[in-house]
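All chains are identified by letter, namely A, B, C, D, E and F, in their written order; residue positions are counted from 1 within each chain.
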Amino acid sequence: SPLTHFDQSGQAHMVDVGAKQDTHRIAIAVGTIRMQAATLALISAGNTKKGDVLGIARIAAIMATKRTSDLIPLCHPLALTRVKVDFSIDTSQSSISCTVQAETVGKTGVEMEALTAVQVGLLTIYDMCKAADRGMVMTDVRVLEKHGGKSGDWSAA
Amino acid sequence: SPLTHFDQSGQAHMVDVGAKQDTHRIAIAVGTIRMQAATLALISAGNTKKGDVLGIARIAAIMATKRTSDLIPLCHPLALTRVKVDFSIDTSQSSISCTVQAETVGKTGVEMEALTAVQVGLLTIYDMCKAADRGMVMTDVRVLEKHGGKSGDWSAA
Amino acid sequence: SPLTHFDQSGQAHMVDVGAKQDTHRIAIAVGTIRMQAATLALISAGNTKKGDVLGIARIAAIMATKRTSDLIPLCHPLALTRVKVDFSIDTSQSSISCTVQAETVGKTGVEMEALTAVQVGLLTIYDMCKAADRGMVMTDVRVLEKHGGKSGDWSAA
Amino acid sequence: SPLTHFDQSGQAHMVDVGAKQDTHRIAIAVGTIRMQAATLALISAGNTKKGDVLGIARIAAIMATKRTSDLIPLCHPLALTRVKVDFSIDTSQSSISCTVQAETVGKTGVEMEALTAVQVGLLTIYDMCKAADRGMVMTDVRVLEKHGGKSGDWSAA
Amino acid sequence: SPLTHFDQSGQAHMVDVGAKQDTHRIAIAVGTIRMQAATLALISAGNTKKGDVLGIARIAAIMATKRTSDLIPLCHPLALTRVKVDFSIDTSQSSISCTVQAETVGKTGVEMEALTAVQVGLLTIYDMCKAADRGMVMTDVRVLEKHGGKSGDWSAA
Amino acid sequence: SPLTHFDQSGQAHMVDVGAKQDTHRIAIAVGTIRMQAATLALISAGNTKKGDVLGIARIAAIMATKRTSDLIPLCHPLALTRVKVDFSIDTSQSSISCTVQAETVGKTGVEMEALTAVQVGLLTIYDMCKAADRGMVMTDVRVLEKHGGKSGDWSAA
């Protein structure tokens, strides 16, 4: 089966990566949270003054990369060598996008670490603003690019 | 400010809930992962036979509710009394939706626990199918309903 | 089905305990590790002088009670009010038994916390002595008594 | 002393493995849970239809390998490269055995990861069936084989 | 013995608090990190502009309160109802002080949560500035006040 | 800026260490807890007989090294190869000092692991003795020596 997380009898396993090379792995993931214009204005104000929602979401996102293999059952544990988290505010769409670049030198890719960081970054924005705007929506979370390993480079269409 | 997670000087804090009543709290959150039709077929096959992607994603989602306050910086720790996770397969949209209902009897709401479970459930599906379909997209993650506490009932529009 | 951890459609869930009473819950669990007589002699010596294997295993067992709901997927999180760990050395059987009493005031029982503590206590003994005796066997781990809750008192036959 | 986890003054330490070679390490551990015949029948039914106790116990066992160094005080943290968990049902003995194979490429063995996975796998079966059968017993948990490292191959007698 | 964390035979236990009242508990702890004047200037600049060392240390301190019972072996787990972290910069002493107020409604005090938050807050400052100033010293970490519980109010001399 | 944990726009990141060499890294940190003479006498008695405060604090310190990157937001995860914890009792100063030596073979230093272990070791002493002496003070926590990596050897003045 193309689903490599199951063995021939259909049982889940942590895939054998012992024979894989240690290569430099990079993954970039992105996601967006949409909100009311008034909520976006509150966050934008705080970002430059006080009440720094995005600064806190950035820390939560970085820390989440270190918990990924605790959360995702069949994910291999690995030691990240770099994590970078960027937020961009889109006033016209009344949304904020979170882009995470994760890297390691190891036997497995870091897509899950990058995606988990995006999700936790967005969740932290939701948490901090939910008293003002419970209807925020997190959306379009996906991998943008991936480099390294046997499968080499990949980019979203 | 409507952003209750900051005090008057703009500094983040874990909000004082000591004087709040213990009430029965319920939150329902939902989210969707879109994929290729072939990927959905693989998951659908496994669900009834072997290679049970959704069974594993359900466990990951349930366990994630117990890690929520570890992941979200200003989230209060709480003891959940119920977690229920449902997946529904939409062949026409080539997607799977994950709905989580979380409950507690306590001083704070459980929206973050429900949302975190949805996100981790979707991430686990991504992880198990990424070798076959790296372009899957997680989307429309939001709170549907909320009950209990001082603010009472709330439903998404 | 008598398997309460599954709903009517056979899907796993964290069982709803929201309507249960907070009662005083007690569970006592026990388990044994068998080893070579020489290994037992090493541990016995350390217990009273230096190289305190059982002191360290006791701490590991107590700390494990606080990680139980992180390890056991459908286990409710709860706040323990008491944990007591005893080891008894049986020279005639060349074994050590670990007995754990766990207590809470809450809506769910604490058997899993007591059993997990026994297992981690025995595993810690294994870890510290494995260089000397890799063939140690952990055995007869079970619940001895349970008190509190709707099902009331229970004792092993 | 043969107890390498203590230094010359009898104090516990995390043993120095800095000069050890990175080699391919394998450990296989096994353990059994005995239960009433009726309980085993419930699990067997679920395994092929719905109420999949063993599928959930397998996930718990795999995830536990990633928590081992958090649970066992002097255990070195390491990055697993493979985890495989098998259950076998023995109707004649009214029991289920859990066998775990753990692997890494590193400086320390993975016996503790394999043993911890067996224990958590058995505990998860206990948790899911305890409402039907509180008297289940976990037993005969031990290492079967070990490969790699300076001490080389080892098998249980 | 006045050391309540040991039973009559001298063995460590998690003290029985099952019979204690749920009362409103408050603890305030404080600690200081001393550094070179140039390092303090870097932090002070960042605090109001970019490179927000203290904002990140505040988040780390708040999150640490939720990990306290995982770190301190005999500490009871509890659900905090409020955490407040303040930093004050003392240019004349070339130091920064961290004050943490932790609160719960429960059976045990929250001194350990407040102290752990101070320590992790100071450690995070050290981590972020160590490339510039490895000789920073963390000092005078102590409880200032404690309220609630059977022992009532207490203040440091 | 000399604060390497921020990028050029002042945003926090986990610094890129992917191109760094794996070298043997050592860090030694120290800290002290001051107490009443009567409290020190209680601990000293327990150390050789029963009520082993320092044995438990040593285990807590060792375990804390494995949680460091979970606690300190921008700290890289790493696999320790050695941890050694020593306590020395100073009757004349009525204090106990904790010295921790941490080692790894990797791309980043281990100062944070050594410092975190010292802090948790001291916190554990505080926890176990606080019923007798709430006014204990933790002080003079700092790095003494550091070896390995591009910056090479460093010692406190």
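Convention: a contact is a pair of C-beta atoms (placed from the backbone, for glycine too) under 8 Å apart; a residue touches a chain by one contact, two chains touch by 3 or more.
This structure is a prediction, so every number in the text was calculated from the model and none was measured.
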item: Recurring contact interface, reference B-D, options B-C, B-E or C-F [over half identical by residue number]; value: C-F
item: Chain centre separation in whole Å, for chain F relative to chain A (CA means); value: 31
item: Chain B, residues touching no fewer than two other chains; value: 11-12, 52, 55-56, 59-60, 63, 67, 70, 73-74, 79
item: Touching pairs among all chains present in the structure; value: A-B, A-D, A-E, A-F, B-C, B-D, B-E, C-D, C-E, C-F, D-F, E-F
item: In the complex with chain F, residue positions of chain A that touch it; value: 24, 55, 58-59, 62-63, 65-67, 79-86, 103-105
item: Touching residues on chain D, where the partner in the complex is chain C; value: 1-6, 9-12, 31, 42, 46, 49-53, 56, 59-60, 63-64, 67, 70-75, 111-112, 115-116, 119-120, 122-124, 126-132, 134-143, 146, 154, 156-157
item: Residues of chain F defined as touching chain C within the complex; value: 52, 55-56, 59-60, 63
item: Contact set on chain D toward chain F in their complex; value: 7, 11-18, 69-70, 73-74, 76-79, 106-107
